[in-house]
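For clarity, chains are labelled A, B, C and D in written order, and residue numbers in each chain start from 1.
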């Protein structure tokens, strides 16, 4: 059986690779696709322990929105993506009355390709601190929402998971939304894909290979993860180049790996236009989160409240 | 007895005002001054409950470094200030072996006059996460240090004190160093003064009138506060103008207050050169903290590690 | 005749002060007001040389949009302000076919109260460099627009006017739109007012007391200025407090001024919520500029293209 | 003759590749090396038109400082690099009396890997605007220096070269120092190398493939370029992987290129620790520039003046 020689944080890439390798979908994995005008939504459900192991990720639902035009300033595509994302988030959050939502933006605000989480946090319409200070016309219009960007360990000296657990124990949210920049296998998915899952975040995922698991198991409440691949792993790129060229073991593959991989572990591949993409993606996600959580917030109001 | 019609976060200003008003130093308050070449250091000790009440602040030590040339790029003044600050911090921290220090940068990084705390955090040499991963030559050279900038409530929806308590309970530091931008009564002290105290932070202090008490009482470990006045309260400026002009009750004072004070509560007075001052002050403070905590970190290395 | 003891960059404040002082509008000044739901628009036209001198500003049109709710996240008020601003800009710009517009954002991006210009520039939909590379569906949809934030002299070592003249001579725009943060006399106008004028920028205006004149006379093409008061001059605040309290010459006014004014020249008074206001205002202005210049850009698309 | 299948902005990489390919150094290229404790300095001089063509870059001097420990917070290495850079800059600038130096920081401040130029500009001690306003003790201590970060075309709508030419014509500097982030062929040189050349900047170099030539020919005064490779071209990485594995034409190379290269043109490979490296490198370079230009500025003062 062929070994996996690439890294991806996207369930859909793993599922497609396995299906291609085996000639059939993995057992215990259900796939549903919905094709829109500019966006294709695919739900990969991992249903069994066996599928969990084969896919290398947790049982649960992974919805992927794929929209190649997201890379550009394509108005209708952004609108369709935002609307779909709002819908998926409402479904995953399943909020009833006044549950408090905590948004956690992972990543390093000083590295463009890793700044998605902190940037989304800047656009969140926080209301938890207002409580009864809210003007009457906003009572019922908003739910309590809080947002933190805990930073990365190299800057704080603190394992991010510790900070988050500390805050969660204090404010006791009913749902946690974790936003993170991810690594894809394929260039074509970078900045053109949004993955939403109900399984939280696993160690080793994210641009910075986060070390903590953030999930219902570790935090005690449902954790929904929103991720966008902003990079390809440099090692994955090397493996893919060799693979596509038909290079096999014993044919120089080792030579190439020996030279390139020691460095590749500390590198990632990212688009030159990352700054513009970051703005577009973080704004679209923040607007969808605000609209999914606050009953009367409309996504088109995002531009009025923020930026 | 004259009422206090100004706001200050500096113990020295309160002590001087009381001394001027009463013709003598307040009971239970001890003052010691040391005059350097460019910096004057004054220690105000509040010793009794009565003095606590009269001064409107907690029993403890308040060291103020006053250096008018801090406002400019005056090399020797910055050097003398940094050296004194390092010395005072070493005294206040009283670290023995491997105690963990947590630096907390209060304030809003997006408002120049309130960004001191987050800026200092950017310059802290964090080491807590390295533990045994430290190269042998650094073992003994550094102590475990961590640093967070919890943001302000209007951006996170979370009372800052909750975030800090959450993190403190997780990482259990032995000392906490809180850095904050303060309000002074007098223009001449803005960006030219550093206050260090062993009493932590009281509600209502800081540029943003922080709401939490951060002290040994609330956090369980010694809390040392470092503050720099970066603003004057706009209401204080109005009161001082009327006072200096000899305006008394019933002489139009009310008219002026009625027009100006409703707005003044949401305003502060800050120097046009705040951005340059912020860089200088935050770098000087971060270097002194690093040197006071890490046995082998020299302040002059700050420029090599950061920025 | 009463002397002017305040500083304002707003024509409307000068006109109101003169009208109050003299019991009638100044000669050669025409005032028209239009009251909307949340916004009041006032056009002050300075028509004669005499009026120019009396008002201390150039002959031309000054439209002021006053909207107290701009200070808050008031959706309808932002919408009405944006629509009015777009309309006024279209009138002032009087663009015909393919004229190139250059947007100049004055001020210091590192000082929140002075960052309006650079922030607006970040939200401008620049197209001048695309020329024939534009997809066919965008030909006719956009005009050539460029945007620069030349920085402030303390950071570049270059008089801002020199940089602007240098760029203008290279790219030869047909219209220049200068955006700047201003000083108001009254607190109540801060962050609640937008002034548009066809006279450009005069020396001594802006938060930083810009030194250059930017006008048709110095740049050779029509210069439209958009300004928002983000600060009150600290000296103005002191004078106003004394004035409102009825303090007159020889009554202690000198004492107050002697103590406070030496410092006040380097200070300004600004709202604590300046960061949020900056985001809202710069986004509203950028959207209105984009819509006024590009035939098919709608203000509501701003959120999709930027942030 | 083997074709070049990689992109590099470093003269030393091109020279080494040619020497390896041909078994001898290219004609008309002189190489001198000086080995320090932590830094190796290599001067590649291109002396003839023929060598110009073979090397694909302009006649002139290219000094490369190679310091693998630059990647880390290695104090002595940073110190040795800074000292060498100051020395090389003094040699290249050859300033006599009061010549004005203009520092130009190319690149996009919002993309970490492309922000070197704007970051260095933030640390330049500008003095050109002070002229006679300088305190007497600083007359003779500093030369007139100015600094601009003109931004990138996608944000301004203006070809960067136009902005620079416009400014140069206004302020007429005697020397121009251009700072830019570069692309290397080899991972090992990223963030560990500084190249200084007296040939200016050629089209197609820099992280963003700048479009303009900035040289004595186009700007009329000597242009010294300082560059640091912060990225590897993604296409270069693919080619190198195939080359190292011994893949030849007709053996699947085309398949790999067909799949990977269309995307690779818009991508680059960059270290995860780019933010920390950026701070270190920009501070080291700014300090060396300040010390090379201002007679009495010492590199160790950089931390006092900036950050």
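What we mean here is this: a residue touches a chain if its C-beta (ideal position, glycine included) is under 8 Å from a C-beta of that chain, and two chains touch if they have at least 3 such contacts.
Just so it is clear, the structure is predicted and the values come from calculations on it, not from any experiment.
The chain pair A-C and the chain pair C-D differ in C-beta contact count, and the higher one is C-D. As a whole-number value, the distance joining the C-alpha centres of chain B and chain C reads 35 Å. As a whole-number value, the distance joining the C-alpha centres of chain C and chain D reads 39 Å. For chain C, residues touching at least two other chains, in rising order: 154. If you draw each protein chain as a dot and join the dots that touch, every dot ends up joined to every other dot.
Contacts from chain D toward chain B in the complex involve residues 73, 75, 78-79, 123, 279-280, 282-284, 287, 300-307. Contact residues on chain B toward chain A in their complex (touch as defined above): 122, 126-130, 144-151, 153-159, 162-163, 165-171.
Across the complex, chain D is touched by residues 108, 110-114, 154, 187-188, 190, 207-208, 232, 234, 237-238, 240-242, 244-247, 251-253, 255-256, 259-260, 263-264, 266-276 of chain A.
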